[in-house]
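In what follows, a single structure is set out as structure tokens and then discussed.
The letters A, B, C and D name the chains in turn, as written, and every chain counts its residues from 1.
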């Protein structure tokens, strides 16, 4: 059976819970389509997030990689189109802040997701869950790990063999209630269903 | 057993489906707390919406009235605090448009909801569903029917005996997918749970 | 010459500057249409904001009253339609917090603005400045002072002689740059022009 | 004297006027810092926008290129960080619609702007005009022309000699008033000042 590495992040910044962590843990060991899911939770640190992801990749040797993160403020499930070679934004969980700095010195400006993002979005909507392709994963840890995995696959010439990419989730209701500002939110069940539906697309030819 | 008149609206303007209609129909005949729910669906017309509501009120003689409508763009369930004596905004389903015109000539500027809106909001959040008191029901049909029922109860001196008011719902996922612009949305199940939780509050002393 | 009492507020909450204060000070002593402007700046305190306003009203005996406040997040100039009898929301500058409590015990639920708000909005747009009637002044100090002045005029039977009401302003660019979250903003010049245009409407029959 | 090619777009979609066109025309022939501005207005067509830009580039042989477009909904001036190799979205002015299709077959996924975007943003804010780096220029004509000019400069090995990139503008007040939905907006004067300030940064070493 094929293996899918599915990652979420720990809580960070103004987010006391992280639905991407909850879903990575909930779907761990589940079989979805042709894939056995292996869920992992990543730290939110420029120094270690990608290291943990790449180590898990080396250990597990998965056939596909989907990383997830929360983008509070978005009102639909958004598979990302591209990761860009830039770290920028708020301080991470260890207090490190980056500004306009490359993720990989000399690396290409961007890598497109190799997940079937158009089909993922269409299928999610057919199942009644609002979804849309996003054209920016930001410049924080979400973009960082997406860039790193795509760069790694490209460097090792496996970009056509191991689909990889990133899905941003809206806040969960639980998270929205705990935040200071009002944001759109989905139920955790709906978020989880959408991720399951999108993973199923990986098995469709 | 006490009776609750629960109303929704038919589709209107840019909304091809209306979750308030779906919930009024789904909860019809259900028993929630001390109340038997009687669901009704109202037209979206300045000339008849309130008439249909007041006729149903006369026929059913309910012990409480909750009207519902959709407010696409909101990101939580919002019991309304007040109805104001003003019709304004887009044309209704029959093509009639009002501007700055009183609902009831010589009526008071506003009526406060007599539902336990603070408790409704708190209880919804305790159950994990984002909710918030809203300070405006707008000036369209939602506000119109809320004003009419509260005016009617006040005129007949029953404002302290029959709790009445309005709850605005965010878009459902189904509606959000069909709309041209992006709006926050909840699953229909979550919307329905929130309405059920809020109705339960009517039975709590 | 007629006198217009024009009030703004001091800074509060997350707002280190308040364009309503800046405009009340800038237009002080200016003649606009038939009116001499007398600008006053109010505290942001449930215990004293309205007291200061009503004292200024008693001292100056103005022929019209316009209070202003900032509503960061709005994207146009918004004359308010109604003030409601409710204090609620964040703590004020003295640390006092109100929840669902009446402004005037036993007072009516609402008072409509007696300013020519529709003409004010239309004229502002004709001059190229986005404006719109707002149906809620909130439940914080802005609504509080609007309710108090309209109540006072009504109690003293001058509601048809002294036009009074409230205008909410979007953030100024200066304020937007200093805030932690992104909000729409206008230049202070544009905000001031809009207020001037709206004051001019008071002199049009 | 150095030459700057400054482009805007004609009206398109729901935008009956385009402030980027107005500013390209207004600043045409103006001298800003070391640069003489040459303003050009581009069509909104996948088949010709970039052609017109590249032809102007060939004719004028400018020392810098700044393209502008409107992004109604944004609340600050946003120099773009990156252009990506993707055409997608609504139909253009000639009715052509693209979905997930490369701008340049086999071209790199993205090109970073070679304008001093961080300094442009900081300087604009120092002058009191809200600005922020944007991480996505979208996938419509704005991104298209930005990708094309950066690709052309890279292919001809002039990417280090001719700074080039894109600035997205919020709606102007004039545009906001004409649109059906509410969007943040700046005065045309403020938009123009921001563009002038950002052009000045090109002359700072």
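By definition in this document, a residue touches a chain if its C-beta (ideal position, glycine included) is under 8 Å from a C-beta of that chain, and two chains touch if they have at least 3 such contacts.
Predicted, not measured: the structure shown is a model, and the values here were computed from it.
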TODO: Could you tell me which chain lies farthest from chain C when each chain's centre is the average position of its Cα atoms?
DONE: A
Task: Copies chain A and chain B touch via same or different residues, half shared test - done: same
- [ ] On C-alpha atoms only, rotate chain B onto chain C and read off the angle in steps of 5 degrees.
- [x] 180
Task: Where chain A and chain D are represented by their mean Cα positions, the distance between them in whole Å - done: 30
Task: Computed distance of Cα centres, chain B from chain A, in Å - done: 39
Task: Approximate Å spacing (C-alpha centroids) for the pair chain A, chain C - done: 46
Task: Parts of chain B lying in touch with chain C, wherever the complex brings them together - done: 81-82, 84-86, 88, 99-100, 108-112, 118, 133, 135-136, 138-139
- [ ] Write out the stretch or stretches of chain D touching chain C in their complex.
- [x] 75-76, 125, 128-130, 132, 173-174, 176-177, 182-187, 189-190
